[in-house]
Structure formats: C-alpha cells, structure tokens
Amino acid sequence: MTRQHAGDPDFRWRGENVSRVENLSDIVFALVLTLAALQSIPSSFDELVGLWRGAISIAMCFALILLIWRTHHIFFRRYGLDDGWVTGFNALLLFLVLIYIYPLKFMTDFVVNYFTGGFETAAEVTAVLTLSQVPVLYAIYGGFFAAVYGVFALLHAHALRHADALELTAQERSWTRFEVEFSIGTVLLSLAIIALAFVLPDAIAAFSGILFAMMGLIAWVCSARANARVLRAGSATS
Amino acid sequence: MTRQHAGDPDFRWRGENVSRVENLSDIVFALVLTLAALQSIPSSFDELVGLWRGAISIAMCFALILLIWRTHHIFFRRYGLDDGWVTGFNALLLFLVLIYIYPLKFMTDFVVNYFTGGFETAAEVTAVLTLSQVPVLYAIYGGFFAAVYGVFALLHAHALRHADALELTAQERSWTRFEVEFSIGTVLLSLAIIALAFVLPDAIAAFSGILFAMMGLIAWVCSARANARVLRAGSATS
Amino acid sequence: MTRQHAGDPDFRWRGENVSRVENLSDIVFALVLTLAALQSIPSSFDELVGLWRGAISIAMCFALILLIWRTHHIFFRRYGLDDGWVTGFNALLLFLVLIYIYPLKFMTDFVVNYFTGGFETAAEVTAVLTLSQVPVLYAIYGGFFAAVYGVFALLHAHALRHADALELTAQERSWTRFEVEFSIGTVLLSLAIIALAFVLPDAIAAFSGILFAMMGLIAWVCSARANARVLRAGSATS
Amino acid sequence: MTRQHAGDPDFRWRGENVSRVENLSDIVFALVLTLAALQSIPSSFDELVGLWRGAISIAMCFALILLIWRTHHIFFRRYGLDDGWVTGFNALLLFLVLIYIYPLKFMTDFVVNYFTGGFETAAEVTAVLTLSQVPVLYAIYGGFFAAVYGVFALLHAHALRHADALELTAQERSWTRFEVEFSIGTVLLSLAIIALAFVLPDAIAAFSGILFAMMGLIAWVCSARANARVLRAGSATS
C-alpha cells in the first residue's frame, strides 16, 4: 500500500509482483546500463583522470535509458498485463534499446568531446562526422525515439482496449488515454523534427533537436484534456 | 487474475510467483539476447550507418530466442513445477541456448549478408561456406531445433505424469498432451529435414529448410486431436 | 517472519517482495561484481598460478560493493518505498557504482601489487602512480565514498519525511534518523580527509586514509543519540 | 504447495518468495554460466564445426556450477534465512565461484583436448601442464571444492543454530545435520586427496582424484545416521 500511495496516486496497481516479462526486461535494461557504462580499465593514474569525459557521456545515456525504464515500469505496475501482445511489444522495445545502446554511446561521446574540447583539431571532428551527415543522424536517433514512443502508444492502447477486464475506473481510463495521446504526440514531433532536419540548410539543421522541448507542450495539452475528461465523468455520475 | 485471463484462457496458472529456476533462466535468456545484440561501438558516422545489416540479423536471433522463452515462460506459469527433473531439463535447455547463440548469429549474419549484397564477390561467400557443407549445416542447426523441442516434450511429459498431484482438469490434461505431441512432431520433422539435406543433391538440399513450414500442419493436427479429447471428456462427464 | 526476526530486530519490514527498482539494482550490482572479478582465461599452468594476486584485489572490491549493496538492501526492505525520488536517488547510486568499478579495480590492483612485491622496480611503481598524485587520488576515491553516503543520507531523509505515511514507530524513526546522521557524518569525514590530503606534505598525505577508521567513532556517537531518543520517547508515552 | 510436494518431501519450505540475496546470487550464477559458455563468434564454417570440443568442456563446467546452484537454492527455500551471517557466507560463495570460473574452464578445456586428441604433439601438452605440476593443481581445485563445501557446512550449521526460531521439526533438524556432516566429510575428503597428491609419486598422483567417488560413501554413512536419528526421535515421542 505504501508503495502505491507514494508513487502513483491516480492508479490502483494491478501488478504487485514482478512478472517474468518484467524480470527479463529488467535484466536487459541493467545490461544495457552496464554496456553504456563500460570503459577500459585504467592502467595508470593519467588514464584514470582521463575518464571524466566518459563519465559525463555515460550519465547522458543513463538518463535516457532510465526514462524509458520508468515508463516501462509504471505500465506493468498499473495494468499487470501479461499476454502475447504485451510480450511482443515488449520484445520490440528490448530490441530497440539493445541495438541502439552503442549508437547512443557514440553520439553522447561525440557531443561531450565536442563541447569539452576533447577534439584537438577540426579535422578530428570531421573524421567522425561532417555537417552534411547531420540530417541522416537525426533520422537515425529521431527514428529510435519515435519507435520507442510508438511502442509505448501501442502498449497503452492495448491496456485501454482491456479497460473493462482490468476494471479501470473513469479516472484511470482518462490517464491511460493521456499516455496514448502523449506518446503519439511525441512520435509525430520526432517525425516532424527529422523532416525539418532534411529540409533546413545544414548549418541550421543541427539545431532542430531543440524542438524536442515541445514535448513539454504536448504533455501540457494532453494533461489538460485528461483532467477535463475526469471532471466530465465526475459530473456525469453525480 | 487479469494476467491469467488475458494470457491463457485454458489454464489455471499454478506458478504465480517467479521461482528461482525461472529467475536463473530469465537472466540467461536476457544475457543471450544481449550477446546476440552486441556489435562493436561505432567510431565514425560511416560505421554507424553500416550497422543496419547487423540489426536485421539481430532481429532474426531475437525472434527465435523469444519464441523459446515464451514456451518456457508458459510452461512454468501453468504447472509451477520445481523439482530435480525440471531443474535438469531446464539446465539442458539453457546449455543449448548458450552454446548455440554465436553459431546462430553466424548463420543469420551470413543469410543477411547473402541476401542484401553484403558479400562483394562469390569468393567471399565460399570462404565462409560452400554448397557441399550445407548438409552438415542442417545437421547442426536442425539438431539444435530438435534438441530444444525434445526438452519441451520431456518437460510437458513430466507435467503430464504429475497431472494428479497438480490437479489438472481434463481440458488442461488434453492441452498438455497437445504440447507433448506437437514437440515430438517438431523433433521428428527436424530429423527428417536433416536426413533429406544429406540425401538430396547439394543444389536442392539448401532449400529443404522450407519444409519447416510443416510445423503449422503438425500444430493443426495435434490441436484437432486435443479438441476431440476435450469434447469426449465433456460428453463422458455429462 | 523468520527472515525479519533473524535479520533486523528493530524494524518491521514493509517491502516483503522484491520490487522492480531493487531487481534492476541487484542485476547492476551482480554485473559490477562480475566485472570486478573478470580476469583473463589462463592459457597455461603458470598463468593459472599467477592469478592469486588478482584474487586478493577482487576480494577487496567485493567487500566494498557488498557493503554498499547491504545498506541498499536493508533500506528497501525496511521502508518499501518506490516513488520517483527513490528511483532517482537509486539511479545516481547505480551510476556511481558502475563508473567507479574499474577505477576501484585499478586501485586495489595497485595496492596488492605494491604490498606483495608485484612491482619489480621502483620505476614500475612510478609509471603507474607518483607520490605527488596521491592527493588527487584521495579526491577521486574519497569523492566516490562521499557521494555514495550522500545518496544514502538523501534516501533515509526521504523515508523520514514519509514517516507518517509509512506508520514508523518512535523506535523506527529514531533509527532512521541514525542512518541519516551516520551517512552525513561519513560524507563530512570523507571531505575532511580529502582536504587533509591536499594540505599535508605528500609523504604523510598518503596515510590520511587511516582516518576512515573514525567511521567507527561516528557510528558510536550517532547510535548513542538514537538510543537516548528511544528512551525519551518510551518515558514520554508511559 | 505443488512445488514443495514435488521437490522436497522432508521439508516445509520457509522461503517461498525469492529474497534479494537469492536474486543477487542467481544473477551471479547466470553470469558465471554465460562466462563459462562464451566462445568466439565463428567466422567460417570450419570454425563453426571446430566448436564441438568447447561444447563438451562447457557442459562439464555447467554440471559443476549447477550442482552448487542446486544446493544453494534448496538451502534458501528450506530455511528462508536472510541475516548478516548468511549474506556474508553467500558473498564468500559468490566470490569463490566468480574467481574460479576461468580456472575451471582452463581445466576442462585441457581435459577435453587431452582425451579427444586436441593436442597434436606431447610438447603442446607440456607447454600447458607438466606432470610435476599436478599436485599444485590438486591443491588449487581441491581447495576450491573444499572451500565451497566449507561454506555449505557453515550455512547449514547456522540454520541448525536457529532451529528453534525456524520451528524445525525433529525430522528437519536431522536432515539439516545430515547436510552439515556431509559437507564436512567432503571438505575432509578434499584435503586428504590434496595431501595424497603431494605424497604419492607424480605418475600416480594424477589419479588420486578418483577418490572423489568416496563422496557417495560419505553420503551413505551420513544418511544412515540421519535416518537413525529420525527413528529415535519418533520412538521417543510415541
């Protein structure tokens, strides 16, 4: 009871115990965190001190993976679903996370090196990445982001279809629909940003990622809609 | 309750909690998925883009491993058995999955490279594999498939022997027998395909794997038999 | 019941089942233990015998990691909290443990080599580490220690803020406060030792780590304060 | 209920749920199994076929690790203990298994190569191992075996000390004592075999391992003693 109270006031948690789908996923997430964190063993003091750049890069990967894990965790706690569709969507999510972990590490390493002076000459930078390749980069990483939120949309839509069997309250239905809408919004935003990166001139395209801040706006709109639905349902029953 | 309802209408689930045998197996499965997914960290944009072939190959390994995991998962949920025999059969299954993961990756890499133009000359292909080696290949991979389904046959036969202690209903007994029959059918099919690959001329032998589609036929026949048993049991008690 | 009785007489355990945050953490801890233990596969008898130095170094890493794991374990058993703050603090802890495991192994390897004659000449030692680098070393490892205990202080302070919702008894509140005080004391001690390592002359600075023995004194003071609080609470209610 | 019935007729299982100590251990065991199973990814058909020797060697490591895991598993199911001593003994066990996995793989690889003609000349064998090194080898591996069974003896003795708190029946006490006696017997046998390997001439010393078959005799004697105790306790109460 305490767990539920503290963590998630709007929902009754149907999946109290850790199911095997969750267990398998946790292990994959933990392995992905470990792969993200692996650096070479330092063999001298100088190498040890040089690890700080890697630590920043690892922190960025951690933040993204744990964001995905948290959404995954809450989904399974709230609905406790464990059927073939959930296994399938979940497999897709694990697949995405596993094949993208090294590309993510590559990207965060690049960003950290770029902004902390890890590259000594401009030639070192272009050996890794040139400005004209940035749109494809947006397609690769934006595609990952869109795919992950696409899976979240599918999972929550699946929960919504089983709302009666799960005995979801009107409030719970409304917040489940919020998750679907927010996820779809994020997918569309990602696709729009990818399109923009290809359309805009290269020098500006690199900054189109700033638009991901609009996720806050999407969350705000969807949340307002969810609250309105809860209020309507409340006045209808009273 | 919701979990069971959504996932498996024919069975009462006896193993609600994750036992340690399952936990150990989940970790091994997750590690195997991770091993299948490991690629080298890209060091430049060009290497990053070149990872797409690996992604297809990984997806194929994932599909096969998760198919095995799903059968394993349902077995433990349904019967909740945890004795010496189950530990032993399970150890055999983990052993098979662990020693075959790299050979599987080798095979899917080869297939993906072959069909997407990853090899530049025919000499590159034959350096990896020649047509005359195909029958042995069928023996290696068909043998894996036969062994995995052999273990599933043994596990379900073991559950059937303890049907009284587990208080299986007539319907549950019938569907457990279905699993035994389907698994044995798959073992025999695999052995037949291996035999065929050795008997047929090399050029045709490579395609004998198409016959694995007959698993659908086996499932259909065994399922018809299971339904007939359920009906007979139903009319006998009424 | 037996579990609680044997392990922790002062507390009622609120988190009986393993939650997903704990599961994820356990996997990361186990991976860290494995990373700490990895050595190369010996290829001859002589290499096999040469592994004994590594074994001592691994044992030292194990002791430190399992000390952290034990505190982590008891926290989750006692309070069963699972909200956003706990997930966040926990993520920070996993991050610290993962990025520090190889630096720790580097340090223990160095210490074991140094004291068991693993280095043949003084030049080999200074190639890895010179005396003037010792203060920075204290900053790196003392910083890790301070950060870990800082997270423990935050976690227990968080539990204390939810004391009413968790229905903690007066005794449990007092011992939770003990954990907060002891953790903060350890953080301050670590920072003082780092400062000392920079202020003292190099030859003496290397030994400032001996002051970590003062953790026993901190534990003793905080524990006396906790017992006094329990007594006061007992006399107030009677 | 079914789980207990099928697996362990003499004991009531006190630890139904998987505790965190067990979870951590399972992950370490699964990682050890995976490390034992890792081979290089084959890059051609010939390398693929050459993996069969490794598979035999892996199977031998698996058998030994799963034997240890099974004893560990049953201990935690039966007594459900989770205090500081158990954590400590368990940490020692994990440490032993982790540092010995590569040495074990080295040994099984050698044995498999030796008996299946993996070495082409006698010089290749002696480059890895000479006859005069065999006694030290017995000390290394016999020491591992003795240490593992020493930990099992300590764990079961610890359970026996808490017999009243755990409410063990007379039968359960007797079979717990059996585990203590059998473990101590195995420790003494291992030490005797090591001593013998040093005392005997080299050519014979290599075969002193055959005496491990005497574990069957030890099990038989301890089991007879346990049955006698159960009978005595039965006649005393009637």
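Note that the chains are named A, B, C and D in the order they appear, and that numbering of residues resets to 1 at the start of each chain.
The rule is simple: a contact is a pair of C-beta atoms (placed from the backbone, for glycine too) under 8 Å apart; a residue touches a chain by one contact, two chains touch by 3 or more.
Note that the coordinates shown come from a computational prediction; the quantities given were computed from them, not determined experimentally.
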| item | value |
| --- | --- |
| Interface composition of copies chain B and chain D: same or different, split at half | different |
| Most widely separated chain from chain C, with each centre as the mean of CA atoms | B |
| Chain A and chain D: spacing of chain centres that average the CA atoms, whole Å | 43 |
| Inter-chain centre distance, chain C versus chain D - centres from mean C-alpha coordinates, in Å | 30 |
| Junction residues of chain A - those touching two or more other chains | 17-18, 23, 27, 31 |
| Inter-chain touch pairs (all) | A-B, A-C, B-D, C-D |
| Chain C-touching residues of chain D, taken from the complex the two chains share | 14-15, 17-21, 23-24, 27-28, 31-32, 35, 79-84, 87, 91, 94-95, 98-99, 102-103, 105-106, 127-130, 133, 136-137, 140, 162, 165-166 |
| Chain A contact footprint on chain B (complex, rising order) | 2-3, 5-7, 16-18, 22-23, 26-27, 29-31, 33-34, 37-45, 48-49, 51, 54-55, 58-59, 62, 66, 69-70, 73, 76-77 |
